[in-house]
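Just dropping this structure here.
First chain written, first letter: the chains are A, B, C and D, and each begins at residue 1.
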Amino acid sequence: MESKKSERLAQMRAVLSKDNFVSYCGMELVDFHEGYAKITMNIRKEHLNFFGTVHGGALFSLADTALGAAANAYGTLSVAIACNIQFMKAGTAGCLTAIAEETSINHSLATYLVHIYDDDEDEIATFQGMVYRKKQPLV
Amino acid sequence: MESKKSERLAQMRAVLSKDNFVSYCGMELVDFHEGYAKITMNIRKEHLNFFGTVHGGALFSLADTALGAAANAYGTLSVAIACNIQFMKAGTAGCLTAIAEETSINHSLATYLVHIYDDDEDEIATFQGMVYRKKQPLV
Amino acid sequence: MESKKSERLAQMRAVLSKDNFVSYCGMELVDFHEGYAKITMNIRKEHLNFFGTVHGGALFSLADTALGAAANAYGTLSVAIACNIQFMKAGTAGCLTAIAEETSINHSLATYLVHIYDDDEDEIATFQGMVYRKKQPLV
Amino acid sequence: MESKKSERLAQMRAVLSKDNFVSYCGMELVDFHEGYAKITMNIRKEHLNFFGTVHGGALFSLADTALGAAANAYGTLSVAIACNIQFMKAGTAGCLTAIAEETSINHSLATYLVHIYDDDEDEIATFQGMVYRKKQPLV
């Protein structure tokens, strides 16, 4: 059981390791299964905007990556088509964690809620995303 | 007139040059005035996701930066609070251009539509964003 | 040409006249063609919320109906899957007009921007919607 | 304690009873407290669109009313500024229930997630909303 989980995690890590933007932004896959993913990103100076907080684009990228891992965990390619993010608190330092959970899935579409937390477990942003589920296998 | 425009552009470029994430992603301010901005980003391999198209987070970052330049052009700090993006076409190569235009503004809030185009002038993504207008000066 | 347009308008009016909620809210189809629609709604006391302005739900309904008319003008059923609305100005009296324009369309999905204006031609709300295009004919 | 809760519920019901659109659509406040609200709506033929399912505008209206009750429970006026809804399943018959929960609140802004369920406890739609918190008392 545990070894199967490790294997799956290794496979998805291999997929994400080929995702240049995910690597470039320093995101890491902590856990995932079908319809669920947890991704972390240590805040680095490259993530900051001109007033010294994490750029909204970096926050969106983190949430979008969690959405992608949760949706692609089924083994077929899903692509984000419509996403919404609301920003609640500025991120400044430490590690950010995004948790994606599926709210619905059918043949062609699936929806996810993603919450981003900082080290104080305060919610930084809430993200809602919809994916289109293609038939082609992920790898 | 033209020299005043050049001066303003130089000032906003100076502001954005202090935005680490904007530099890190390779975005460039082409033009802006109050309520309007045009930002470009040459697609580089760092922007790509695991299936070889520009990561949704990189597209959002480009649109969010255009929103920020248009909103901050008034000289006081505006921060994005709620943003929505719909993805229409995958970006793969060439240069992406984001154009932000203001749809409303009042004392505390302002809204913007941002369209992202590729080199074929096809729309890649449509973005709708709302900012909260703080009273503090930008610099 | 003009008679063909009248005929199409009559057909879509017949479809919308079978839409109970559209009738119940007092909306009227003014014009439409593939990817475009214009719908009006005279503000009545039934549309108002407890503080005397048009309820956000009534505004969304107007925009969503414009989206539906624009998307269904192709003659096959399209259903809204993800919509976003930003409210800019309160509606209080007179007639509201929603104009929907297509921003993208492919085999399965299409996207629309809808602007709602009041009698002063001030923008009341901006709406962004995505539809899923079913294969079944509209009637 | 219980009598205080009954009193609060009666007050908010009085506020919503002055909301014409809420009455017109047949919504009912079941429960609420600061940052939380539960609203129901029995599906009637007036809510249906031309293909016989609940109009997206009626669903949005239900969610928006739940958002309003949760946000206005503090006793000062809050108005929705940016809302997003994703539709997952068609509503056809029975009673719909919307539950709004606060995800953040500060001096000027607050955010809410609203889930709409049908009688089978299937999620019909997920709604994310942001309000601007005015200083004026609700009544």
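One rule holds in what follows: contacts are C-beta pairs under 8 Å (C-beta built on N, C-alpha and C of every residue); 3 or more make two chains touch, one makes a residue touch a chain.
Being a predicted model, the structure only gives us computed values, none of them experimental.
Among the pairs C-D and B-C, the greater number of C-beta contacts is found at C-D.
Think of it this way: of B-D, C-D or A-C, only one pair shares over half of the A-B contact pairs by residue number, and it is C-D. Between the Cα centres of chain A and chain C there is a gap of 34 Å. Chain B and chain C have CA centres that are 29 Å apart. Between the CA-based centres of chain C and chain D the separation comes to 22 Å, rounded to the whole angstrom. For chain D, the set of residues that touch two or more other chains comprises 81-82, 84, 86, 130.
Within the complex formed with chain C, the chain A residues making contact are 81-82, 84, 108-109, 130, 132. Chain contact summary for the complex, chain A toward chain B: residues 15-16, 18-22, 24-25, 45-51, 54-58, 60-62, 64-65, 68, 77, 79-87.
Those residues of chain B that touch chain C in the shared complex are 82, 84, 86, 88-89, 103-104, 106, 111, 113, 115, 123, 126, 128, 130.
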